[in-house]
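What follows is subunit A paired twice: with subunit B in the first complex and subunit C in the second.
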Partner chain A sequence: MSEAHDHGLPPKSSVSRWFLTTNHKDIGVLYLVTALFFLVFGGLLALLFRLELITPGADLLGSLGYNQAVSTHGLLMVFWFISPFAFGFANYVVPLQIGADDLAFPRLNALSYWLYLFSGVLMGVSFFQGSTFAGGWTMYAPLNTPAYIPGEGLGATSVVLALIMFTAAVTLGSVNFLTTMYRMRAEGLRMRDIPIFSLSINLTVWMMLFAFAALLAALMILTSDHILGTTYFQFANDGSTLATDADNPGASLLWAHLFWFFGHPEVYIVFFPALGVMAECFQTFTGRRLVGRKWFIISMVLVAIQSFAVWMHHMFLTGINLPIKTIFMATTIGISLPFDLMVFSLIYTMAKGRVRFTTPFLFSLGALILFIVGGITGVFLGAIVLDYQFRGTYWVVAHFHYVMVSGATALFGGLYYWYPKITGKMYDETLGKIHFATYFVGFNLLYFPMFVAWETPRRVFEYSQDLQIWHSMATVGGFILGASMLIMFYNLFVSLWRGEDVGDNPWAYATTAEWAVSSPPPLENFPGVPTYADGSLSFMDDEEVARRTSGPGGSGVAADGGTAADGGTASVTTAATATPATPAHEAAGEEHASHASFWPFLVSLGGFVAFLGLSGVRTGSVVYVSMAAVGGLVTVGSLFGMTREPFHAPEMPIAERWPFASVEKMKLGMWTFLASDIVLFGAFIGSYAFVRVAYGWSEWHHDLIPAEHVTMPGLINTYLLLTSSFLVVLAMVAAERESKKGTTAALAGTFALGVGFLINKGIEWNHLFHISTEMFPNGWNLSTNIASSTFYLTTGLHGAHVTIGLLICAYMTYRAWTGAYQGDDRAIEYFGLYWHFVDIVWLFLFPLFYIL
Partner chain B sequence: MVPHAAIGVPLHGGDVRAPADVFNSIFEVFLVLGTAVGVLVVTYTLYHAIKYRETAGEDPYADKVERPSMGEMPTGGSGGRKVFYSFGISAIIVVSLIAWTYSSLAYVEDGPQIAGEEDITVQVEGFRFGWAFIYPNGHEASTLKVPRNRVVRLEVTSRDVFHNFGIPELRVKADAIPGQTTDAWFTASETGTYQAKCYELCGSGHSVMVAPVEVMPQDEYQSWYAGTNGTQNGSSNQTAASVGGAPA
Partner chain C sequence: MDWKGYTVIYVVLFVFATAQAVVEFVGIVDSAYWLAFGIIMVLSVVKAVGVAAYYQHLRWEPRAVTYLVLGGTVAALALTAAAAYSIV
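Moving on, here comes the complex of A and B:
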């Protein structure tokens, strides 16, 4: 497409474009630049504490300053640098590799980015609120609660809120990528056929969808402990410090379980995209197809699934019993084996190749070698007897830096690899090689001495004098590593002007579709609708698309699908969205595709202001409270603006959609989102069960819950919600029958019943807050005990879901009244999915919190 | 029969396998094997990279392998069998190594059962920023004093946040979790002073959260213990005060 068809999107030289754009390539660039900024941020913090560690003692940063630096370094690098950096490539490259013209939900993609950016800004602001979070990136409880945070602790609250905002960005991104990859693949591309980088991203987002939901639960509970005064992570809430007086003996372990249930998949979330980049670079620069590709993919799938069953190996010393330890030892060793296979697969891909030592290949090969070292030292940790002694020492620090920063190494290779595609210019190869040499030396000088000095406890500034030589070496290595990055920044910046123009494809033996189009690719990516139906990439022009989509009864499409290269059951090609009457050029998605929206930026800005306000509401300060209010209004208002904005993201007329050919795009997105919501509620319910078991299941009811907490309000609410679900179904039926009155009435009824639910709950809560009995003279409120905390927070989260549903329901009632949905009940169906889900959750909560 | 512990005779005489011995022997094997495997695999990797580097002129393997072409459907390359052989070897090494250490795990978990010997049990309570040691007679101290050649069992917990109690030289370590108790054991055959440290970030004084551990001759220990009578020596909170960390 020529620039004339940019549909209101300003040119790249204009600043406003970057605030408006919803195009995946622009957003990819934004992600890359922002992630590199956070790399510098986190890197400078690391250099600060490496300076501190040249000699023992906290003479530079002070003890709390030191703790803040190590904690935020970890958080910034893990959350705000490495994954978003990988998702810069994912945004740019995945749609190109699978043959899509953009992501499934372009505005949602922009929203992901802006939420990510502002979450990082909030993280930055936390440094100026007294002090930022100082409890380590693992944020162990109860050090992460206000009781143990020095000063007002607002900075720490901001960090927790920033992480929530980040998690929101990740969840939206996961939904978006999954929908895209299952609905928008070029014809003939089965899931297993998509290029290995895209495949690694697919598995990464699956892990993200579930792992980050668990983290979100942990963070929401922690926020509630910070702001609302619940006591999940406080083991004694009467101010006593005696270990034996614990009111909530499960507090610390609850956090550890929630965090590591997220934390271990996170390791692979960080590493998989890097593995994908390595595999791409190895294929291109060896001129060989990936050896054992099928087994490479199976290995990745196994790891992705098993990653949710290894988390307790981070907790071997917490007193879990031997059988459980044995199981987790076995799963841990089991999950390391697929990586062996992947490593050998990469090594043998070089055999009989034509290996070219370009900068991207050097970084990929370097990453492989570093990963081998990281992997071998990880086996040490798999032996529990050794793990006991390595726990909390520099062995762990050295090991995971060899793994994680090896991932970053591969991603830097990816930056050199795709730089010509993104910019249309070639970087300076000599400077690239110098960068790699300095980087590799700096890396090993930084992290290898940590193995030697492994007896140093983690996160201390005091260590024994005889280890000083190793710590000094590491510090020098850190500065060399940091300086090497300056070479890269210089190289890539200057090459924007001085670099040679590259054509479509500067790399011999590159095969994937992003190299088949110009550099940078045009806004709509491809000169036609891409297809692999005859075994290799070609583009269908308008005429062919029209012929195929307008055949009698779509039989032509079915026939083509049947003859697709793979011939398996997987290749069901559909043209669900293209009706025979659709003009070809419109069906091909060449026109009316929107690329600009200002709302994602505004929503995120509002969210940022609201969260910054929330961080300080517990002080009662007018500034903080008004920020929370204004920010909240801006967010809700812009979300409303976003739904009212006409924005068109046409679906591909011909695409591979297995296994979701019959699930419409919006519905698939909604199902995916609900899948993560199930994990969120699962984590809340699991948390409740865990702290209750730790306290004593039956004593819980006797000791902590007042007799006034009766079943009736819950029972009434159960009936209210069930009836309201039934009414949503009626609304759908009425819409199908084109009865405007019926639709409006049914939706209004749903709304009324939902409001009734909230009112009933309000009365119940108000009563419980103000009871005055012998056991609970001051009422039974959020802070009374762990039972009240779990009750109010879990049912409160459900209540928040009901409230959001009601806002949507009110809007839809109004729309139905003005005549919408008649004959097309899809929107009501999507809302119904959500509403039924909220009902089903209640069916779990009611017995758990009212009967048992 | 008079229990040995009551008359204070050193019982296992140093022939009990200490956790430190178990750790050191396993660690040594892992270091040697790990280094060997690492050097081998990295060399093998570099050998492939250099041997198959692109040279000027014709593609020497043109008749053996097919080069990928632009726009082709992604597929795998030939040579998968070697991957499986190498994978098989590495899997056998890893699994057998871990299985071998597993036999030691049961021992390290429960410790030795020595007929007739009473183990010494000490409660360890972590707090910001120090350690308190509570003996069966109620005596509380800030120094852990134990006799040599006796099995010492620790019951570890915390008064405030998550700590981790470890004596690196004696290779004993346990999480100190508020509301929970974790068990660990050790035995020391050399008298002398060691240092216990905190291995979980717990606040501003984490780096200096240490406590002395004194391993004494059996008879010295007996007479010291007889003189304690369950009185506190009242120094367990000194460390916290001297660090001057932020109050809870």
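Moving on, here comes the complex of A and C:
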């Protein structure tokens, strides 16, 4: 494709393109390649500790080396490989499947990718900071607070910060995908009609939106304990009674609750995209529509909801009470039922169709078999009495690898399935089948002996001599599995040059829309605006779009006309050409969508430097402090640059938008982000409530809070924030009336009140830091006790939100002063959504932290 | 909504915030803690709903936006309530 046709994007052969691109297909490829890099990284670590486990004892890596290898292997595979690998496909395929020309916010999509990449780089750098994280992928606290980490523990802090960066990437991605899927579906494509892979991604991002917010809260609290010196996870504060939990009885359970509230949905976050790939491959290679498609979808929805009500089955061996364990045993056993239905649906699809054993199908079928084994062995762990026996053993290790790696197995199938679409070349089928055979043998030789040797204690390098044969078999299996991946890399790499050219659709019965365009698809995806109004995919040209969108009723929202006939099936009709020459809107000379921006890379680079600096600020090192400061400046500066950059990402003129037809994409994006922020603050407030209940709700105030901590500063701040919210809505009214002075004055007033809020908070904090009473002779600061920690961190997080709001407000005040927003108050409204949310949070923090 | 409507909401929010502080100043928090807790938290919820409904215009948005917000709220409440109950 020529450079001119790529709207300023350099060609794919140019390195600069990959730093600049915001196009979903390019970003998808970047995700896939990066995730495969982290697969190799995590895989090599696994091979290292499998070598260690040939014999009991740490004679190869040493004890700390072993702990580091095991912990980072888990983190890399769960966070930096599987989900990003799935989101490589999601990026590439979902817009094509739903009829969109890109994601709703292309620069945000690039930002997600670069944050992901740099979070992984930070994880890598942590290996060079003495030692990296060694406390298990579940990061249990207080084990992973600095007091219990050998050495300075800077590498461990870096890993926690890397995960925060990763979580930011995921949250932005979730907002982007949800906005895209609810605002940019082709006309006639109802939510229930979108292809099953896209549907699986939709449910995955819903789970991500809420689950990762809880993880973010957990990570921020852990980071605060690492860097700021709060004591959320410390048993005692005086340094002499570490063996007792009298001062903070909720310490260890708090982490478990926060982590597993995220952690169990994470299992489905990892597995759902794989399930989507399996469903696509089963349909394509049996030539049969998914049997019981409606019930398959309902089951997925049920699992997505129920996934948030099973987390305590990871805590059966902790001190939580028996009634709650029983409830969570029931919900856990219950969640297996919809999975049964999905498994039977896939099996029946196979039975009813004519199977063609291509490589993608073999991987999908293999994944199904592995998942059945993983699922059944998981039910054992969901039963309380059996879990008492199995918890902390290799039964758990074997079970979750059969589940998680079965997901990866399906995703490898997805890689073969979409490889011709992404590259335009066909892979070598024979090598693909050899890869599958080697992979499947290696997998089972690696993980099945772990069931037999289940009495081996998990995370420990010592085990009974009787079990050595099983561990030796597993090590051999691990190397076979690793070697099988080399076959795949070779096959896919060589096929880029030697592979046969494929047309639009190399698979006989593939029916989803990505197969209706060329391989690879053009930059703008489709030759016109896609529609399913007559039951199958066709494309509207500019003339038709203009006719439909002009005049009264030309809202751009699809009417309740036609619907997609069969799961979004794309049999191209009417004027559509499968391989377009020039997009219709381009031929008409319309303004092009932008596809290039360097700012997402710079923002993420700045974030990386800042976080690396933060990992070592507690040492007082000038280097670390400087990096934190410079990185922070680069991040803020780049965000400002991104705001100023002209970037055009047009909404589709005609699209299916239920149930958010009248909520434009910026507004929907903001609301979606706020829903995630609700969970973040909810988890912080929930943590406060939890540790207070653990301590004794009534005693808390008497024992831990000084009399000098009074209501009035909180009340004054409540007045300030309420008034600032009032001024924001007045700014909207003024903008509607095209009163430049009114708009500017109201926004300036909002800014001034926000600054007043922070000053008042600063005065209050300074006073509390320096009180000297009989109970608190050294002041009441972040480290004084668990109550002070919860107060400063929760209100501090809120203060950080206020500060971000003020930066935006200052910019908008300047813009209003120069004449912006007159007659169009939307930007003020979107800012207001955020600002009012910050106000609402304070309406709960005020009573909880100042009155009750 | 015009500026008069927004002003009425602002006055109500201001009065409710003051009422929360008054509950403490008159000693109900000391004499009947859980009654005070109930009054204060209900007032907070009413204020939050007021801001969301009128200042964030949820009242005029499609119900789906409200469900989106409720989804996050229910998730946070479920975590808080179940975690706290687990150690009672």
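One rule holds in what follows: the second predicted complex is superposed on the first by the 803 of 852 C-alpha atoms of A that agree within 3 Å, B and C clash if a C-alpha of one lies under 4 Å from a C-alpha of the other, contacts with A are read in each partner's own complex, and residues count from 1 in each chain.
In the analysis below, a residue touches a chain if its C-beta (ideal position, glycine included) is under 8 Å from a C-beta of that chain, and two chains touch if they have at least 3 such contacts.
These numbers were taken from a predicted model, which means no experiment stands behind them.
Residues of subunit A touched: more by subunit B or subunit C?
Subunit A has more residues touched by B than by the other partner.
After superposition on the shared chain, which partner residues are touched by A:G250: those of subunit B (first), subunit C (second), both, or neither?
Touch status of A:G250: both partners.
Which partner chains sit in contact with A:L730 here, subunit B, subunit C, both or neither? Use first/second/both/neither.
A:L730 sits against subunit C, while subunit B stays out of touch.
With both complexes overlaid on chain A, does A:Y719 touch subunit B (first), subunit C (second), both or neither?
After superposing on A, A:Y719 lies in contact with subunit C but is clear of subunit B.
Quick check for you: in the superposed arrangement, does A:A800 touch first (subunit B), second (subunit C), both or neither?
neither
Mind working out whether A:A661 is in touch with subunit B, subunit C, both or neither, as first, second, both or neither?
second
Answer with first, second, both or neither: which of subunit B and subunit C does A:I851 touch in the superposed model?
A:I851 sits against subunit C, while subunit B stays out of touch.
Thinking of the overlay built on chain A, is A:A683 touched by subunit B (first), by subunit C (second), by both, or by neither?
second
Just to be sure I read the superposition right, which of the two partners does A:I469 touch: subunit B = first, subunit C = second, or both, or neither?
Once the two structures are laid over each other on A, A:I469 reaches no partner at all.
Check whether A:A694 is in contact with subunit B, with subunit C, with both or with neither, and answer first, second, both or neither.
Both subunit B and subunit C are touched by A:A694.
Per the definitions at the top, what is the overlap between the subunit A residues touching subunit B and those touching subunit C?
Correct list for subunit A: 250, 253, 315, 319, 694.
Along subunit B, where are the residues that touch subunit A in the complex?
22-23, 26-27, 30, 34, 37-38, 41-42, 44-46, 48-50, 52-54, 59, 61, 64-65, 67-80, 82-84, 86-87, 90-91, 94-95, 97-98, 101-102, 104-106, 108-109, 125, 127-128, 157-162, 164, 166, 168, 171, 173-175, 177-183, 197-208, 245-246, 248
Within the complex, which stretch of subunit A touches subunit C?
Its residues touching subunit C are 210, 213-214, 250, 253-254, 257-258, 261, 308-309, 312, 315, 319-321, 324, 659-663, 668, 671-672, 674-679, 681-683, 685-686, 689-690, 693-694, 698, 711, 715, 718-719, 722-723, 725-726, 728-730, 733, 829, 832-833, 836-837, 839-840, 843-844, 846-847, 851-852.
Which positions of subunit A touch subunit B when the two form their complex?
58, 63-64, 66-67, 70-71, 134-136, 140-143, 147-148, 150-151, 188-189, 193-196, 235-236, 241-243, 246, 248-253, 256, 283, 286-296, 315, 317-319, 322, 325-326, 329, 333, 336-337, 340-341, 343-345, 347-357, 365, 368-369, 372-373, 376-377, 379-380, 382-386, 388-389, 391-393, 455, 457-462, 505, 509-513, 515-516, 532, 535-538, 565, 694
Which bits of subunit C are touching subunit A when the two form their complex?
Residues 1-3, 6-7, 10, 13-14, 17-18, 20-21, 23-25, 29, 33, 36-37, 40-41, 43-44, 47-48, 51-52, 55-57, 61-65, 68-69, 71-73, 75-80, 82-88 of subunit C touch subunit A in their complex.
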